[in-house]
């Protein structure tokens, strides 16, 4: 059985042109099978890159990539609800919609769809229900360890997906912390999150790197790197691996590295070294998958 | 804020310990403590059952206004309260603060979170153990005065002999406890008292 | 407009009795294990204690809601299923559930057992709420603390299910049930272990300048000068540095107090008013419940009663939180 490499949705606020060019490059160069497109974090950003949406989808489809339209993780008002309804109504053979909130799970019920990592799927009961509802693939929450993944993968009624690279999305809020850090409110945020293409770095009072802020979202400061766990994940029958896009890391090279690990052409520790070189100053974590504290790396 | 004790009680340092502990060495205090603790256990069976989640159950209770410390072993099977002059090395956690605040805590008048919101109490060591202990005593409905008078009732004569305390002292202790109780309850006198468990 | 129902926390039988005698319409509580989101040491109810609690509450016209609001562990859902089964047989008035698999289990196994959707399910919009209603016949939804009063009013117009909102206590600044900050720093999270920023990972140290430093796992969450009120190091209430500046990045150490907007919440169509604090003592419960009982009762007479609960409020400060849109 083939292993599917998924490029997750861009979580950060990039300039519309950077956003478009990133997806064009994924279409043209990246060794991935699936590319997720769409705003997941903040509905206020979507109007800026929407003019490029059709071009991006066309380019990806032309390059034989499966396109997944990702939807918002937190829906609080009518405008956001409408955007999710509109996306969920798209019924094209070659496009799959990904639910990141239970509202989208409801709207997509009865037809094939994807479930993203922002829907809580912690156990077989929930997985079975969502599969009956039409979920073909389920990207699991980041805090699951190998034991839980193993239990879920056993006789799984849907394809399971695990995020293997990038800053971990840890929380989402009604409040915009980017705006708050700049003394602004969400409603008048001036889109300050565009200043931090990989998130605004957060340190403890004694200078230890800890988290990263992306508007209403909080991510880990460390990048997850599960390349060492790839052989075990494949053994469990988990055949979809998600890479989360970053601006300061060459995501084409990241996809090639993971592909090489999947194909057995690169040893996991060698892959870790390569990713470390690609990611510059970044630190890494893989605690969750080892049933350890999330930020740890071993 | 914690329940504040605006007035200084008439005897300073106040209370049983102020009255009892000063003239006594911890060793001499121990029989009384044992008796009180036995009564406490009898009045509140299963008091420490909620601590069965802990591996280590020895706490150091340090009333900063008294010249001694209490070592509480909250082992659900064999609980014991010991008075000592110095810190115990084997304590899983230390709770340090004014005696009045410690008694508030024991009687469930201040809660686990509030404990941390003020600097009146300081916690060292295993915070989880302290939280567990707080939850256990909060549920028990301990009433120091009632429990003590229970003790001083049936055991009054031998206890007083043992302490060398006369009637006057007994009555002052009673008054003091009453006063203490009034002080401690004052901030909440407008609300109905929680029923005893 | 139906009468507002005051839903109050209890972490121990003594707290339950305090809530009942202080005027709670319903008490919510959990079993002493990882099946509920306040899985703190020494807290919560054994089966026997729950039975006695139910009897006591029912004798006094008060309901009992059993919170089973964590997400069962993959491969080992037994404890969660058992909790629902036991709740049903002991006669609780409702179970509060968050997990889709658990709702599915409870609705199939105990169709007559009333189901409430926990705040941990983070159902913040009409489509999500309708899903839980249609699929699992949920009778009430505890709304996540992300919505403004205007959004709650708009939401209630679109749905046909009771809603319950938090009016007092600790404030999650993140969408509930969608936060893994705690497990990132400590290995334990609300969703999996029923704890946030667990006490077992908390340490208080004094630094060389006499400041008290609170740590969670290996991370410094805050530091307090000698005369500064200290806080429990809940991760999202800590001080951190971004762009070179130290601040309460996520939230100041404040508690929610929505007492002043109870009439607005009533107008917005809310049914239940929920007080947070199963981990807090009976003194807190008695005081807060009494205060809100008075506020709700006097609201029926058209008056707004100010609550004076400052002294038991975290950081001794209060906020109306997300109920005001400027909070965002």
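Should a chain be cited, it is by its letter among A, B and C, assigned in written order, with residues numbered from 1 in that chain.
One rule holds in what follows: a residue touches a chain if its C-beta (ideal position, glycine included) is under 8 Å from a C-beta of that chain, and two chains touch if they have at least 3 such contacts.
All values reported here derive from a predicted model rather than from experimental measurement.
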Original post:
Considering only which chains touch which, how would you classify the arrangement: line, ring, star, complete or other?
Top reply: line
Original post:
Of the chains present, which has its C-alpha mean closest to the combined C-alpha mean?
Top reply: C
Original post:
Cα centroid separation between chain B and chain C, in whole Å?
Top reply: 31
**OP:** For chain A and chain B, let me know how many angstrom lie between their CA-based centres, rounded off.
**Re:** 54
Original post:
When the C-alpha atoms of chain A and chain C are each averaged to a single point, how far apart are the two points in Å?
Top reply: 29
**OP:** State the interface residues of chain C toward chain A in the complex, per the touch definition above.
**Re:** 71-77, 98-102, 104-105, 121-128, 130-132, 134, 146-147, 151, 154, 173-175, 177-181, 183-187, 189, 191-192, 213, 217-223, 236, 239-243, 245-247, 249-251, 322, 325-328
**OP:** Please name which positions on chain C make contact with chain B in the complex.
**Re:** 11-15, 17-18, 21-22, 40-43, 170, 198-200, 202-204, 212, 224, 226-232, 277, 279-287, 290, 310-312, 314-316
Original post:
How about chain A: which of its residues touch chain C in the complex?
Top reply: 73-78, 80-81, 84-85, 101-107, 109, 118, 120, 122-130, 141-144, 147-152, 154, 168, 170-177, 179-181, 185-187, 200-208, 210-211, 213, 218, 220, 287-288, 292-295
Subject >> For the chain B and chain C complex, residues of the former touching the latter >> reply: 1-3, 50-51, 53-54, 108-114, 116-119, 122-124, 126-136, 138-141, 187-188, 191-197
